[in-house]
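Structures given as C-alpha cells follow.
Shared between the two complexes below is chain A, which pairs with chain B and chain C, respectively.
Entry: the complex of A and B
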C-alpha cells in the first residue's frame, strides 16, 4: 500500500517493511508507526523556493497538500514551477498532480520539495504523460526536514519520439524517497534519468528508478552520483527492463558513490532484466572514498584539506549537474551543491 | 544472423545430447516414499550415526516444518511435493570392503562416466601425471573413495561424511553446521534433516594436500532426491584443491537435489573449490531435469585465508545456488568465477555473496552467463562491507550473452558499503554475439560454427582459466557440447 493510501485509510500496518524487496533499505514501517492527521492549511507566497530566481510561465503550489489538482496540459513551449511546500509538525501532507505534454509540446518542470517542521509525513504522486514527439525536462530539488518522512512517486508514460530527461537533487530526510517509473515505448523515444544525493547527519535519501522498454529502438541513459557523510545513508535502486522483442534498445546505467565517513552507508542495486537478445545494456557501479592521491595533489597546490575535499566532491557530482539542459536550473543546482557539500565535508 | 540461427538449431538438439543420461540397472534399497521424522530416523539408522547426530537431524526437521519455501528468485516451477519423493536410495550391499566387492555394474557405470574409481586407472597414465583422489557418491551413499591411505600419510582425512561421523566425530561435531547454520534457509534446513552422504576433508596445519581431491555425485534412482553434505576444514597454512562433478539420468519427472557445502579456513589456509555441474537439464520442451537448490559457503575465519569458488553450470532444470564467502579474518580474500549456461527451458538464478567483515579483505567476482532457447539466466550477488571491514575491496564483473529471441538474462547485484575505506566496483553488460565480430572472424576463413565457438570461448575464458587442468578440459568440452555450433 502506498504511503498516501495508508494515511488516508489510517492503517499503517501495510506500509512496506524490510521484507518488501523494493523497500528493503528504506522501509517505512518503523518510521511511520501511526497515521498522522492531515496538516492544516497554510498560505505560501508565490515566487519562493530554490528556483525563485528563475522566470516561469506558471507556478503551481501544493501547500500542505492543498493546491490546484487539475491536470497540467502543456502545448507549445512552457516552463512551469511545481512546488510541494510542507510546513507541519507530526502531520501529513498528501499531493497529487498529473501532467500531459501534448504532441510536439515542450515542458521544463522546475519541481521543488520545500519542507519545514518536525516529523511531518509528505507524499507526492505525479502522473506524467508525453505524447508523440513531446519533450520534457524535469529538475527536482528535494529539501526536507531532517525528521521528516517524504516520498515522491512519478509514473511517466512516453510516446514515440518523445524526449524525457530528469535530474533529481536530493538531500535526504529521516526517510526521503524519490521514485520514478517509466514506461518506455522504444520507437525513437529517448530517456535520461540522472540524480544526485547528498546526505549527512542522520539523513537518508533513496533514489529509485524503474524503466521498462516495451518496444524497439529506445535509449536510456542514467547517471547517479551520491555522497554520504556523517551517519547518512544513500540508497540507489535502478531497474532497466527490456521486454521481449524490444530489440535495438540501448540502455546504460551508472551509479557512483562516495563515502565520507565510517558511519555512513551506501546501498545500491543496479538491476538489468533483459528479455530481448539484440540489445546493448550495461551498468556500472562504484562505491568508495575520495582518492587519496587526488587530495594530496590538491593539498600540495596549497588547498587546505577541507577545501580539497569540497572541491573534489563538487567535481564528482558536477558531472551530473552539467547534463542539466535548462541553463538557469543548472546554475541553481550548481550553486546549491557546494553549499550542501560544505556542510557535509566539514 | 545465420550463425545465430544455426546456433539455436544446434542448441535445440542439446536436450537429446546429454551424454550422461543413462540409468544403471542395479538392485537398490529405498526409504519409504514421504518425509516424516521416521524418514530422518531411518536415514540416521542406515548410517549407524551417533545419537547426537540423530537429535541434530530431528531438530532440523522440526525447524524445517515451520519454514516456508523461498519464492524471491526469478524461477518458475510447480510447487514441489516433498512427500512424493524418497529421501534415501542405496545399492543393496553390506558395504564393500574393497573395490573388488563393489557391484560390477557400478564400476562399469563409473568407467562409462570417465571417473577413475580405481587408483591404478589414474596411475596407468603417463609417469608423473597428476593424481587425483575420488569420492564417488551414488544416490545416498559413497561407493568408493580412492587414495585414502596415501592421503592419510600426510595427515589429510578424505572420506565420506558418514564415515567421518564414525571415525572422527569430534571434528565433524566441531564444524558441522557452523558455516551454514541449520536454519540458514529452507533447503539447507531440509538438507540438515535428511542429508545422506558427501565428502569430509580435513587438511592439518601446514600441509599442502598432495593431490587434487574430487567428489563425483551421481543420481541414479528415480523418485529420489539427493541431499549431500560436504565439509572441508583447512587448518592453518594448509592448502587443498577440491573438484566436484555431478550427473543424473534423463527422466521425464523432476528430481530434487538440495546440497550443503561448508568450507572452514584458518589462518593462511587456502581452498580452491571447483564445480562442474552437469545434472540432467530436462529435454527441449522443458520436461524433466533436476531441481538444484544448493547452499555453499566458505568461512574465512583465519587471517590471510583465501577461498576460490569456480563453477561451470550447464545442467539442472532449476538452479538456485549462491556460493558465498564470509571474509572474517583480516586480509582474507574470496573469489568467485562462474560460467552459467542455460538452454531450452532451463532456469538459473545463481551468483555469490561476498561478506566483508575483516579489515583489508578482498573479493573478486567474474560471472559469465549465456542464455539460449527459452531459458532464463539470472546473476544475483551481494557484496557488503561492514563497519570494521576497513580497506575492503571488491571487483565484480558480470557479463551476459543472449542467443535467440526467447531467452532472458538478468543481473541483480546488491551492494552495501558501511565504511568509508572500502572500494567496490561493479560492471555488467548484456549483449548478443556481435555480428561485426562474427564477420571479422569468418572473413579470416573460419566457418560460422568455428567463429561462434571462438567468440564464446573468448567470452568465458576468464573463468575457464581458473579451473584445475583436469577439469578445464572437461569444462571446455561441456561448454562446447552445451552450445555446440553457436557458442562454442
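Entry: the complex of A and C
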C-alpha cells in the first residue's frame, strides 16, 4: 500500500518493510509507526523556493498538501514551477498532481520539495503523460527536514517521438525516496533519467527508477551520482526492462557513488532485464572513495584539504548537472551542490 | 634558499632516501640525476609533503621555514611547486577554475585578497600565449584527454600562474617530443629569477641542453654521491650511472 493510502486509511500495518524487495533499503514500517494527522492549512507566498530567481509562466503550490489539483495541460512551450511545501510537525502532507503535455508541446518543470518542521510525513504523487512528439524536462530539487519521511512517486507515460528528461537533486531526510516509473513505447521516444544524491548526518536518500521499453527504437540514458558522508545512506535502484520485441533499444545506465566516511553507506541495485534480441544495453556501477592522488595534487597547488575534497566532490557530481538543459535550472543546481557539499565534507 | 641536511625517508617501511644533504641557493637551478630507483621521485614527493613519505631523520628548511612541520597545502603556500611526472586528470574541473582556486587559496593563507576575475583571465591569457597553448583547453576538465606533452605544458602553465619560490620539476622531459620539450624548457627558463630556485629531476641529460643547470648532483642509493658543474651531466650521458650505483651500493 502506498504511503498516502496508508495515511488516509489510518492503517500503517501495510507499509513496506525490509521484507519488501523494492523497499528493503528504505522501509517505512519502522519510521511511520502510527498514521499522523493531516497537516493544517498554511499560506505560502509565491516566488519562493530554490528556483525563486527563475522566471516561469505559472507557479503551482501545494502547501501542506493543499493546492490546485486540476490537471496541468500544456500546449506550446511552457515553464512551470511546481512547489511541494510542507511546514508541519508530526503531521502528514499528501499531494497529487497530473500533467499532460499535448502533442508537440514542451514543458520545463521546476519541481521543488521544500520541507520545514519536525517528523512530518510527506507524500507526493505525479502522473505525467507526454503525447506524440511532446517534450519535457523535469528538474527536481528535494530539500526535506532531517527528521522527515518524504516519498515522491512519478508515473510517466511516453508516446512516440516524445522526449523526456529529468534530473533529480536529493539531499535526504530520515527517509527520502524519489521514485520514477516510465512506460517507454520505443518508437523514437528518448528518455534521460539523471540524479544526484548528497547525504550526510543521519540522512537517507533513495533514487529509484524503473523503465519498461515496450516497443522498437527507443533510447534511455541514465547517469546517477551519489555522495554519502557522516552516517548518511544513499540508495539507487534502477531497472531497465526491454520487453520481447523491443528491438533496437539503446539503454545505458550508470551509477557512481563516493563514500566519504566509514559510517556512510551506499546500496545499489542496477538491473537490466532484456527480453528482446537486438538491443544495445549497458550498465555500470561503482562505489569508491575520493582519489588520494588527486587530493594530493590539489593540495600541492595550495588548496587546503577540505577545499580539495569539496572541489573534487563537486566535479564528481558536476557531470550530472552539466546534462541539465535549462540554463537557469542548471545554474541553480550547480550553485546548490557546493553549498551542500561544503557541509558534507567537513 | 633550500637546505636539506642528512634526510632519511622511508616509504612503506623501506628506506629510500638515506642521508641526503643538499644546498640550493636562490637564483640557481640544480639538476638531480640518477638511475631508476635512486629515490628521485621520493625526494620530490617528500619535499612536497605527500602522505606516506615518512621522514625518519634530518631536516629540510626553506628560507628558515621548517618544511617538514607543514602539510602539503601549507608548503604550497610557502612557495613550493611540484611539476608532476604524471600530472593528474581531474574531470569536471576546468584548468582555469583549478588554478584560480589554488591561487586564491595561496593568497588567502598569506592574508592577501583574492585575485579579480579580469586580472586572473588577463594573466592566464598571457601565460597560455607564451606557452603556445590553446586557451580553450583551459576551459576543459584539467588534463582530461590531454597528450603527455599537453599535460607537461599545463604543469608549466600552473607554475607560471602560481609563481613559486621553489620549483621542483620531476622528470618534466618524460613523454615529450622535441618541439614540446623546447616549449616547456622555454617556459621554465622564462621563470628563472634571482628570488626563485629550481630543482630539475631527470634521468636523461637531454633536458639539460635546454634548461642549463648551475649545478648537477648525482643521486644514487638514496644520497648525493657526486656534485659538479653542467659538465657532470655530459659525463653521465657518456658513461652511464654504473660507477655511481656501485659506489652507492
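Everything that follows uses one rule, which is that the second predicted complex is superposed on the first by the 346 of 346 C-alpha atoms of A that agree within 3 Å, B and C clash if a C-alpha of one lies under 4 Å from a C-alpha of the other, contacts with A are read in each partner's own complex, and residues count from 1 in each chain.
Heads up, the rule we're going with is that contacts are C-beta pairs under 8 Å (C-beta built on N, C-alpha and C of every residue); 3 or more make two chains touch, one makes a residue touch a chain.
Every value quoted in this text rests on a predicted model; they were computed, and no experiment measured them.
Shared-chain residue A:318: touches chain C; no touch with chain B. Touch criterion met: A:303 reaches chain C, while chain B stays clear of it. In the superposition on chain A, contact of A:294 is made with chain C only, not with chain B. Contact comparison for chain A: of chain B and chain C, B touches the greater number of residues. In the superposition on chain A, no contact is made by A:160 with either chain B or chain C. Once chain A of one complex is fitted onto chain A of the other, the partner contacts of A:5 are absent, as it touches neither chain B nor chain C. Once the two complexes are laid over each other on the shared chain, residue contacts for A:269 go to chain B alone; chain C is not touched. On chain A, the surface touched by chain B in one complex and the surface touched by chain C in the other have no residue in common.
Interface of chain A with chain B (complex): residues 21, 244-245, 257, 259-289. Residue ranges on chain A touching chain C, taken from their complex, read 291-294, 296-305, 307-308, 311-312, 314-316, 318-319, 322.
Contact residues of chain B toward chain A in the complex are 72, 387, 390, 400, 402-432. Of all residues in chain C, those touching chain A in their complex are 48-51, 71-73, 75-77, 80-82, 84, 87-88, 90-93, 98-99, 101-103, 105-106, 109, 141, 158, 162.
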